[in-house]
């Protein structure tokens, strides 16, 4: 194809010189306020396909984070790319105050699926960017409960608008930006490997839930008026599995027990599935593993496989009916844009026609078994865990517990250097680091990754790990 | 092409029945909380091209709002669509923590252009959706001034996140959502046709600016401590031309005088160009008409011609340097997504290679002259005005002043009914209504609209106007 | 009496040396954060009686501010002092959760008087300190309107708790204390001598009221949703006559017109009578001059003639009934302390048995006439005005308009120096300075001041004025 | 004296009829929003002396709460009453912008005493009412740390202004009053009898402190940015012994350990001594027992023995120096009123000349030993504890643990009925109830209570207790 030829030609140019120019422009004209400059050495990528990224020199990087689960269905997924192209040729643009078919069908498919799963009627409201969907959910919470304040988890992440930053635990995200009047009340998350209460999972009997429940014992515990039984906070924001927090999987019964308390005080459960939705965990929503029915679900990322920032919320009918959330309650120019909804609709069809319910858990188990084997071999791997293809490896010192950020960073850099050889040729490995101590590899490979690619990934990782241990020894 | 054939085939189905099913799904599964249900009768569109939208029955609608200026370069603009397809084939997805060429080049082009225009160095920070760019600008304001509070204009619109709603004048957008701790201090806008101070433009001598200046006279006027000369508010958010407020064009000298006061108290001027940027007014930024240099510019919409929600801010170096706005200050999954930046980069090239600086003002003047002719004919048109191809017609009662929302709505509905015949065949007319009294047609045609299409638009409008006057008489 | 002998003996000690020691202790152990150190030279007073203060050397100062109207009934008023002593001997202390007779009788007397005046039933809630009563009124506003935000006047003063500072116009009072989430929306006050809109009182036709009314025209003016007719702000805080703002008296009809607008949108009028209540203006409440009935009245200061910080609010029954404001809604240890209520009750009896309704206006007119005569003589007196014994003199440059803070301060210092001779012996003159430009003498003499004492006061003032003009020439 | 004769005469009137009239006036004209109507049956008291209150029928009530420690030195303490009368005869009133001797000497005495105790220089700032002093402390915290947010304890109580309510744990105090933008982050208090973490004091090794310390481990725990080491919260508000929370005494080392953490992050410790100051616990400040030096001390109540609401704060020089807290930072009409400061000064002298340091602990131990004996006898007494004359008895069900509010209320009512006979004549007993579960008698007798009066008090209590157990059986 001519386009590929052009690309090829371009690649023939003195790439290094061009890259230097780019980096010089970047240094001068790009804000460094995003996350690019977390890294010391900047990588420029120019191509992505399947489970691989390619840099300007053509080097191949096996990607185990897939844009933090935005690209669950693989880079350059033909079916989804084609859906975008198709819509581009027909209805590439339309003001969102008018309707188009794909918006309706996508909303219907999502709401119907949730209705089947949770046996609850509800509606979909679209927006763009996960944080804006979070903002819409906050609007729903405020209008239906009359409360500005919410609970959220320590270790939770919900985005970076001012409203989302107020309910995202990390203070670093707020420090420079003045007073946050709606700062959430943050509750310890059931991070059992590092239990916030120093309990052992086997014997704790959900001590953390009981600690939460204790808040409602008397008015003096600051959140409830026992005379009216009303709570000062309107909702509890949860991630089924904490994403940025390090893919921490809560005990199976945790959410059931939590929800029971919330229901007693009419506190809504808002389930942020932006990272874990769309089969990352082997089910459509991560929360489906936990036998609990949220009041509001927030989604984004993988809905369009990363081709469009389309996001949205689902809420129970009583919260989002036309009476409860009437016309004009919220709005955004691109909220239900025709390109995004067309891709999203195709994603839904792809899901319906796939065996993700079976395949993802299978692949996940295989991947996890390989990681567990590594753990047995390397004491520096303190913990591995996974649900579907959301997997975690916690890097520690030799004691298998003390967080080892230095080693984690070193392995990441080795991966990014593109010089691993495990698969028989030079390759890089793209790893994402999360966790409270920034020592957790949060692995989110393509849901279409093959078994031998998993093998390759683990081999590459082991190579980087060995080298990392050596360098940081 | 096979795709068109499919579409054709689809169109052969009993459209009406299918439409009914869609509307029924919409009623059940879509949130009504966006702006779709402002309308009584819902329109579903299925195709867009050039200056036209097409509904499911194939009826053609001449569009004079172009997705509120998101599609300045015409629906299905081949060059821009191709840019998207090209990127789809190469680098459709990439996590924003890594770099890609188009992001850098687009940032450089934008910053360099602003540097040439205002002789000021600065940087670009991308995000998705205008409101998220507004949120980023609020972060900059807060971190650089240490203040949460800002001035904004009555009639101003900056988006619908909680943070953006706090600085958007309309209380309707806040009413259901609890307390807004950072509610802006709203200042009357120089809306001379309906002067907030009942002055005549010819004699007022910028009374409105003086009223603003008076706030700084003593500490008792609530905003300044004369002993420290510090102001309680960190910035003033402006739109060069109020968008949703009804395309109100301020007097030429207004912003210069305003900025002079702001500079005295180190109050930043944030210029929201989300609607007016990218040549809507005949210059790259609307503010360029007013001889004033903003400290922060916020942009979105037309940057990608509506193909991607890419948005962003430009800020002066001292505000956004790596020291002032360090890595991790803000973030969004899709912030500098490869598809959006590739389209944006092509938009910049298209602009550079076009004669928009000449053509847009010419077309605008022609369009305005035709509207002025209409005004002379119909007393119900209280005011027409325009800058470039941002044009306004204020619909009134026969006195030419009392706002006539009923007539405005009636004309809009006539346009949407698709039964106008002015051009020799049945057509619809897409009009956007704005203004403090919801009686202003805010016209934003494609920048590539042709003279004869302008003629057609005006003819269609006149036909609708006549009918509207008749029906509401 | 032995006590006086002791005092006499004490005075026989080397006073100067003792004073130096006191000032040295003050410099070291007293916070300077109150208003003492506004003055360059510190005055220590040791005795007060009638209309006079006496310093440690025994010098006499005629007081024209009477503790900003806290001592309306004269220093060391025997009747009120005796009431305090009496209660001291019987029930000096009692926890406010139990009742005592004086609390009940005082509440009844106040509420019954207001009922007679305004023909409205209501109740009294006591507290200590004006600001705490303001806080209680804010609680009433919030609980009955569901709104945190209120209107208040530029130039208004309601106290210095964080809540009161948020509705007090001067930014200087907030600057050091972070973000104020409930900052009032401040509205220009009808300060006709320096009209905020540069109008002339004779021709303005209440332009300022119309400007306020305009805020309610459309939702775009930021405060009202026209679809629900609800306002974002729950109350308007007014002082019948601005105290700290410079004893500015609004036009007679002003409040009637304002209230009419407020009633349309269910906005409460809260009338802060802390300075102007208890006959300062010749009527029980200052607002009684203006033919308007407030929803809440806040009072303090003169209720106990300055012998106890007792303060309180009166509110209409629907706002403060046991259902609306149930037990435990607010509380303060000293809220209805037995000493304060006993004095307050005696104050009410004193008022009932006095001819203040006649005497205060008479004395006020006489005082005002003498000030007007001064104004005719000295162009530096830009404005004099008065209502009852709340009188203002605005000091200006020779143009009679430009504020002259320097002259004002100079006259104040001359008064405090205690070396005026007008009355035939060395005396001082205690003047209070207020006003937006700190150039207004706000005169609040004892309500029991005699005509010849007024003459003396004016003579002393004229002497200081002449000297001040000379020194600042 | 004639006054006593009048009183005698008054008492001769048909008291019952007069009381009914009073109660009827109260029902009509008094706000019920304070704490009077917590009680079903209202008591009117007319006389107080020593440790006794007397009702209108002359019945005597032994008081074990002394206006929640406002009257530490006994009702109608002659020395302090005389000090008030003396000042009344000399300088009863003086605007606080001028100085008077007693203010200075009182400030000096307080600051010097604190300087001796903690070896730290500081200053005093007066105000009226504990809550206003708390507001002043919040101003200091905000201005010196730049932070609005603070930590406070669950079970803590700091007053009822909006600002104080935001840092007082009980949500009931906030529920009706909208959004509190500065709501504290509430931390579990070391209430060992009902350990918030279900630990045993003997083995816990300060688990609660470690839980607090854990908040600072990573930025994900919501309060600290580890990169800057800055905390989102500026101060920690503590009561040395929780007052309203039920006179809960923390373990001896608790505050030392807490302060160590606070110091690491520059978090101020604000010590609210409003209830526990002035020897209630056997030392001048309650905190003196705990080997820790607070940054700010807030005091009130007993400073004037309840004769005047004078309150105040002491702060370290660096926080409150004239540079840090300059003139005009805060203000209140009655802030350093001459009557209050004169009494306060006499209180300080009385303290200096007394043996409170020895006597209060002695009496406290004796009282406590008697209570412990009761506890051994009655299983319904779950816990007794005390520090000086701040004593607690926690009423439970027969298990000695389950809170028994019904019994507590019943005993309180029996005490108030005035029909106990333990001392050989009919008497009442005034008890105050506190505690998270409203089941704790918080005993605060006069510091001058005699041993035999303690015996009488315990006998009366036991009588009421028996009867209460019988009635609620």
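Should a chain be cited, it is by its letter among A, B, C and D, assigned in written order, with residues numbered from 1 in that chain.
The working rule: a residue touches a chain if its C-beta (ideal position, glycine included) is under 8 Å from a C-beta of that chain, and two chains touch if they have at least 3 such contacts.
Being a predicted model, the structure only gives us computed values, none of them experimental.
Chemist: Enumerate, in label order, the chains that touch chain B and chain C alike.
Modeler: A, D
Chemist: With contacts counted as defined, which of the two, A-C or A-D, has more C-beta pairs across the interface?
Modeler: Pair with the higher count of C-beta contacts: A-D.
Chemist: In whole angstrom, what separates the CA-based centres of chain C and chain D?
Modeler: Result: the chain centres lie 32 Å from each other.
Chemist: Roughly how many whole angstrom separate the Cα centroids of chain A and chain C?
Modeler: Roughly 59 Å separates the two chain centres.
Chemist: Could you work out how far the Cα centre of chain A sits from that of chain D, in whole Å?
Modeler: 50
Chemist: Note the residues in chain B that touch 2 or more other chains, in rising order.
Modeler: Within chain B, the residues that touch at least two other chains are 148, 172, 178-179, 181-182.
Chemist: Which residues of chain C touch chain B in the complex?
Modeler: Those residues of chain C that touch chain B are 148-149, 154-155, 169-172, 174-175, 179, 181-183, 185-186, 196-197, 211, 214, 217-228, 230-232, 245, 436-437.
Chemist: Mind listing the chain A positions that touch chain B in their complex?
Modeler: Chain A reaches chain B through residues 1, 3-4, 7, 22, 25-26, 28-39, 42-48, 53, 56, 65, 67-68, 70-71, 75-76, 81, 84-86, 88-101, 103-105, 107-108, 110-112, 123-132, 135-136, 138-139, 142-143, 146-148, 159-163, 172-173, 176-179, 181-182, 300-301, 305-309, 315, 320, 322, 325-337, 339.
Chemist: For chain D, which residues count as touching chain B in their complex?
Modeler: 178-179, 181
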